[in-house]
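Chain naming follows the written order as A, B, C and D, and within any one chain the residues start at number 1.
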């Protein structure tokens, strides 16, 4: 690294001449400028700046993930970048409060000039969705039918090209499938896990059956619940059942990847799994933040537009509401807790495996 | 007011001996204390403290609202207290992020000890809901069927008593119905409004029909949308149509109250309507914050419990999800924007009425 | 208002071609792009976008304030716009958390290329400061000596021109000076206030002198404090004392304006003072938010740069620390509480005056 | 783990009978209850609940840190708990916004009844400070002189006992001093570091001396700055200089601990240092959050009390202001950036050392 040899000026560095000359209210073309249109423009531009930053981080994360073996040095970096995305998402959510200082009556002053522009047309946001794994086939009908045909040639080709590349979802899935410790010497983890699950559920069943304080109704309810739990565990471990559930849309990750994620969650205290656990947590948080942002958006649009149509000619808040649940990227991670065992019931890992999961150098040695 | 004559000590004043001795983890009864149970207790206790504060404010607001004529001095106070409730709600929402530092695996260490306790049993939160206007008949089936029978005698009677009193919703509705300026001398506001609406929609229609850039499809779409808009306005102004929609659950406020709310929104700049507008906005925000809080809660529960049942034996996240949309208090205010006119199309109020809406003293006089 | 006749597209409307092509990392000129420089650029660009929005609101507020009589219709609008500025400031503060996801080691990868660019060079932020009333003479030495000479000709002239116009501070001061009700018929408010103050302080003194539980030390302490309080009240009411304190920098508002602010605070429940009180509160909040933002900035810079110098060649965090306390706009409003009386001790306003402060139309009449 | 055999009820579990009966406004003793006193009580009680939670986490962290060798399994847990404290601190900071919905005039309605109670008397907060390392000798005079004598016997002894135990600061210092890799085989890290520093500074000096664009003034300024930087690095590496600076209060950590912290920061990407880096970052954030909280507090108190004295008889906002800078726990970590080198200038670690810092098991092997 070296010092620069020509001076760097703030205004030039940030290209403020361009940046601050990019706000041209549409209302001005038809009469006096609507005071509130500036806010509308700037809120959306701020979104786009942050989308650019999110994409910048996602591409860097993708490059590290998209290798046959991810070096351990990389995981801390990946986790930090995912956590940065989370920090940015909080801003995106908080920005809604700024937008909401604009009242519906204010919005009416320029709303009709914007037809048919709509936030649904943000190319960068679609890029984020596609990179995270939301390919066309997962989109709701409205998007499938009308999104691509509204784009110009260049943007359409750009996004369709992106759909053909592996997404971050795909890379994460492959990484989880590679987790190597399910069998280590004589130790077969999933057998031990299966035994532990059965032992726990049998003991639960005995308690419920013998608990005198329970009414018959409550006992029946709890036993039925136990059966559901038993069935959930079986589905995870049985390839055929899992694939059946996956085909019904209950899972998107492969069984092997899901098992990897469960394993990391159960043994997250082992040094080698501390960062992978942090990465999984961050991916789950990112999914949660996006769905929160969409939900806040739904409510804001509902309030701003009432039962009229959105600026893009679509049925605004209804469309958005559907996407809150449909456009989830890592929803499978929200099911992980179904497959966890309390630490007290967890199979103990053999010493050799514990050593393998620890550092080469041991101060205590 | 006078000075106190005996000294006041911090620890005694805040009754910290009681407050800080109210955390007794259930896990300790069955073995070593689960470290994370303290967080679970304290998060819920903090919620309850804030619920107490919200109720304190709501009762004060209710007392001011529950008069045949609300003195103008009171409106600023009401608005400030509503805004305080908003500030507290933001804390409630932010607290979820603290709760989420507990992972599902941590929760497993004590979850089963809590059966059948559940957050659905917060009496204070039910009080808040009832005071805001969510009477039993509006609740989803689960609540209707099972909520009251789980309570002990005392709590059940307390809540049922509360249901029989007018709620804040009722008071707000009455207050809006009393807005006195729809007819002032010869001026009949709703006739003028009706004319303005028709004029605006006719002009829109002409533009759409003559706009050559529109495809036939788009033109048809826009004309159909115009018809919907026309129908919405008619429904507001026609008593029979309105009541039909109300009986279908589309509105909860009476037509007269809805008209009052529209009027305040349209003329919110008039001095006399500045505070009422602020009050309506705050009520809308409070509704929005509660639904946001519920939604965040849904996602957190989904993540914590997976597809297992909630601690209260109910189907956790599904139940909560239903309440996000059902348990809305002032959802009608989210439809107001449907009935607004751009300021440029708004009927001008007669001078005498404008004067009536202003202050007695005029510096310019 | 009319519908637009040519369609409006999202990407064009927001000028995304320009906006998203304004990020050109300096590091790229000297070698491989430093990954983190993008964040640095985007954080600062987002600041600048929001500064533009703040200026947009401030100019609108200024126009309403800068009249010989502010119509009552305007005050609600002014308050809402000030509250929007507050909402934006919260974003500015929250953005620091995003910036802090960049570690000092990351910053080193490109820091030296930026010399001598520095955030101190944001023209828009200086505009905000000047419009709020921070003229050169109030700035700390560093700013006075070196700020203007670093600017290019155009920017320097622009800012100096702005300094010669009345600021928002000036307009607010004039508005407060005009508050008309200090004398109304026979009623002389400040005499009544003076009497009330003396009565309250005399009663306090008697209590302290006769309170047996107090140690001699504590009694002396409390009596001394009472004297200070008495002196504060005198200073407010006596023109000469006030001007003396003002010349020492203890006050910036004129005595007349300060009296106006005290009056509004004391009688804020009267309908006519509800909005002015909201305006004063918002101005105080804005001052508080800016000082908070500066403080968070100080700590971040301290952490990022250690004891090295800032990117602009100035002593970074020390400079910023001085500005947190010096560059306050409405610090006088933080002293208002010194001059308040408990409601129970407040002089009752005569009926005629109360009527003048209420609305023309009274439902009860 | 086993299921509970007796049911657990929400209200009993949270001890709501006690919790919700701990709010007894002092104003009620002297007349009608001041409406706003409830908020004052609840805000402070919520603080105390969260302080209890912070202490709960700190004790668990302390137990893990207070061992001669911290097992690697523990570091992820420590980092998570520190991050939970951060999440709670954000709530503490946000709570100020709720407190600020109370205006100074409202506070006057009950302020005098609270004398001499004061937030400075929170025993739990003092415990947090002491556990973090703020022993009496580091406190400002006001605290040293008057804090302990105001406490009752029991509380005084409790806190003084705590002062005699090693604090978290002490444990962190010892842990950093134990970092074992400064010499590894032939490799002497600090020699390599010293060389790298000199090489970088010599190159910088040449550039500055030969840069024609620089004015003589600027060149002199930059060269002087370079000397300061050189001196900073020397001070770190030279025991005598370091101890001199430490005795002047410039450092609180021992030189050996500071070197450990620098090393972790420089090589944080190595698997073994990823969690230690996360721990250091979290400790730094916690310090930053506390100082932010104090600062927000200063401003709020200034606004609430004006220039009058605080409720505890101390000079409120001035006292608090001093503590923002004095009561820092890990301020040394804010100087770390002074001692970092850009990655490009960093000494390469020998292969054997890199292996020692990685995991025992290598997928690639």
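FYI, contacts are C-beta pairs under 8 Å (C-beta built on N, C-alpha and C of every residue); 3 or more make two chains touch, one makes a residue touch a chain.
This one's a predicted model, so the numbers in the text were calculated from it and none came from an experiment.
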item	value
Farthest chain (mean CA position) relative to subunit C	A
Pair sharing more residue contacts (C-beta pairs) when A-C is set against A-B	A-C
Pair in A-D, C-D or B-D that repeats B-C, with over half of contact pairs matching by residue number	A-D
Mean-CA-position distance for subunit C and subunit A (Å)	39
Distance between chain centroids, defined by C-alpha means - subunit A, subunit D (Å)	32
Whole-Å separation of chain centres (CA-atom averages), subunit A against subunit B	29
Subunit A, residues touching no fewer than two other chains	1-3, 7, 108-109, 116, 268, 342, 344
Complex interface listing, subunit C residues touching subunit D	103-105, 107-109, 116, 218, 221-222, 225, 228-229, 232, 265-266, 268, 281, 284, 288, 291-292, 295-296, 299, 302-309, 313, 333-344
Parts of subunit A lying in touch with subunit D, wherever the complex brings them together	1-3, 5-7, 69, 72-73, 75-77, 178, 180, 203-204, 207-208, 211, 213, 268-272, 274-275, 277-278, 342, 344-345, 355-361, 363-364
Footprint of subunit B on subunit D - complex, ascending	1-4, 7-11, 13-16, 18-24, 26, 29-31, 35, 38-39, 41-42, 44-46, 48-50, 52-53, 56, 60, 80, 83-84, 87-88, 90-91, 94-95, 97-98, 101, 108-109, 112-119, 121-124, 155
